[in-house]
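Shown next, in structure tokens, is the structure this report addresses.
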């Protein structure tokens, strides 16, 4: 979180108060902005209200400020709230909407056109970071859109993140980069899952092996967090839920389809995640991929 | 490289003076040990001689000290030098051999038995790190074998590496862990290769995308080094040559076969590396995987 | 084509006169039925008119008989014509619609509900066979739907096919079986493509190899037809166009997703077909998969 | 089995009396040839002796005729019997050895050189067909080698098979073609396995679906036989045992490696067969791949 000294305070609408959105809106309040929040189930707005947020009873009501930020779950939610739920219609020409959700390339393009048609600025601003990172104001935020629109929301992005990464004017590019990054995350998990199954079958503890790897070549946040979950086989509560992971790999496959890019690793990931879903428990972290790899090798039956 | 104060100086034979071995032997000399070196082509021994090493004309001649270290290219070279080349026969009972090569699980087991039969201690000690890391004495060294044998060579390992990671008494375990780690490296490269093809097809420069990734979630040595090569499409000179990469993925598949562990990512890697080899140029870094991913999407034809 | 002696002649609407639909409608006319045809581009209706068909200028106009048969290209065309184009609205309660297109499971379910709501019988009746088989009246026709609706259209199906295969009352089952069958076809082509690349690289002609295979273990229509195209590398004109093949594998993946069934072969097929599409020429037969397999091995460069 | 009228009777040695070899040797006896048989476990020779065969107590003893035929299990057995077991040494210059086993490309090349060095003719003659086909004298026999050597053994091949398929002079070509054909068989099984899991998950019986497929597009021996096993989930006794199937896919991957040909379907097959082996029961038919596909989708848990 950058220093906020000298930053003009803005009237901001914030839509979507899941774990991520709530943490982000909190940081906007802390930075002194005037925030009106909305969430589908109203209870989530209460802690924000306690911090000084106004609470809107409809999305459109939250869209009357100079900037709207949204952190919604998926394509369907973005479509329902922004396009069909009246948000875009409620925004005055000249205002700006920054969309933090990971959406498909197709929806990114549709949103761009819809905003242009209304004279509303549009910034695609997906983020990297889990809820604890969001709470610390240390998200990495991708940003693509018209330069003026990006400049307009930059103070808000800087209140929520440690760094803003510009990706040019076409909003869909931020979507593609985020989708590609999530694909790399999924691949990192699968590679730890397969490697752990291999070493376990040869008598080495997964925890010992992963400690070496994440202490040396793979000393990176993406690996260290998931290595812990894999080593401890602790898949609940989900940091990032399995169905969301499946959705994200699907977005990568769709983005590949649209641009004719074969992605063999994504195909393997799709099947492994689908196998995890077929096991029946959706309420688990996507690092449950390690269980799929172990089950393919029938490792648990050997232990006996 | 740990402090060497108070370390007893040993009589060491060192076999194999490629880029890695030469750097490692140099650090042993710097630490004050009495080193006799041997290399298949003698020219590589000259710089070591200039630093005070004795030069042996046969592997067996280098095997007369209290400890022998070897850093040979692959299973065939290890077999030719250690088993068939007279090294093991030349070692006195009670001495110790530390093998730094990445070898197959099958050869690891065969070596273990052969050393036991001769009464020679055996430590499997594969390393993580490229030549520059070796030169800095900052390798990560896995070590499996009898505890007494490991203790015997520990001062030498500590002269060459920043950390020694114990993996128990069965030498093959260090082989498996090293093989699994190299598989994870290969997977990291392939995931960057596919992700880069995807973003490029959507108009984003691979360098821009990889800068974000390796500056955030993937801020780890394994990613940062290869991201640079992929971004610059600079595959020569090879840091890690394509045929070696293919060999290592083959070792992972074999280790999986021996223990009945399916490894779908390794299967994809095998095919992608084989496709790179079919292109005809073997003298390239294995990050040439990124060219394979781009070719599958016919990206270069689009640029025109 | 079964004998038509004693069959009551029906008033039939037929929608969609591509190569398949035209051949099917021709056989209905030959069997003595009163057929009103419609096609998006009217020229295709002329040969049918010459055989005695009435020509409708809108789909709804063709939908006034006791039975409507449709052979449309894909989900979008079926939706545009049947649901949004007024066909279903034009059909009287008690009439029956038989849909010969390969559609997604999702659309199959939606169509079922829409027909029930209108009181119109619905039979999913996808077919196996290429245009020459259709012309000979020798299609294999899957049929799922209410038994009474199937019985109603059976004389028509028997005029177009050599056999009707019942698949129960849920129309989506015929879709799934057809999708699964097309997936098996795609897999047969890919397996010939890879095997042919392998033998060619070892100096054996693909034609010689495939002659053995399709003369022995694989003496089946699915193999013999495509083996010829692969052996002769004759991909134009397309018997079954590459984009349709890609679509069908996508339908298999979607059906797998809906029911949580991993399909690793379909994932490979998806990437290989996408690689063929990335090469730029969409107007080719999907047996062009054999070219993709050969290109991965850089076979053409070796010939020189 | 062709007519044997006018065929000169030969002195033949036959090595390897498994289900296949015993049936083949029986047909040689029936055709009037003078056959000396050998098998590692002598009991298998008794039925042949009852039909008039001489029984040798060592392989070399059976190798004293004008032609030796061998039907051994794998590379190791061929090496042990032919090269290390004295057979080749016992054969007189000018005699011919026809090898019916499926061997690796590497061994095929080594055998060719060894025979040339001894002045013994060598014919690689792998066969397609299961034991019942062999008993009926209706095998399809590939044949590669010097034309004169092939002509010499042709009357014997015609006594055992319905057709001989020539593949040129390089014996390894017959190996490659056989390996590629077995790969296609494996792919056919996997495609039925995945398709069956897909339709089952949508409520269609695998038997119903496979009856349609093998009655129409896939009306070929390769499909019909395995479809029955898959439909009935009857994997014992093994027609073709799982470990042999795994070995054969490994031979395809090795042949691909040798000639730089990526084989993505073979990679999937390798993992699926390995997953079946990990389940612990090796004494099953390789169509147990259908159980692997069903388990990935957790189909059995849904039934309950």
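A, B, C and D label the chains in the order they appear, each numbered from 1.
In the analysis below, contacts are C-beta pairs under 8 Å (C-beta built on N, C-alpha and C of every residue); 3 or more make two chains touch, one makes a residue touch a chain.
For clarity, every value in this text was computed on a predicted model and none was experimentally measured.
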item	value
Both-way neighbours, i.e. chains that touch subunit C and touch subunit B	A, D
Which of A-D and C-D has more C-beta pairs touching across its chains	C-D
Furthest chain, CA centroid comparison against subunit C	B
CA centroid of subunit A to CA centroid of subunit C, Å	40
Whole-Å separation of chain centres (CA-atom averages), subunit A against subunit D	54
Whole-Å gap separating subunit C and subunit D, where each centre is the average of the chain's CA atoms	37
Multi-partner residues of subunit B (each touching 2 or more other chains)	256, 260-264, 268, 271-272, 275, 278, 296-298
Subunit D residues touching subunit A - in the complex, by the definition given at the top	264, 271, 275, 278-280, 296-298, 301
Of subunit B, residues touching subunit D in the complex	253, 256-257, 260-264, 267-268, 270-272, 274-275, 277-278
Footprint of subunit A on subunit B - complex, ascending	105, 128, 140, 142, 163, 165, 167-168, 170, 172-173, 176-177, 179-181, 183-185, 187-188, 190-192, 194-199, 201-204, 208-209, 212-213, 215-223, 252, 255-256, 259-266, 268, 271-272, 293, 296-298
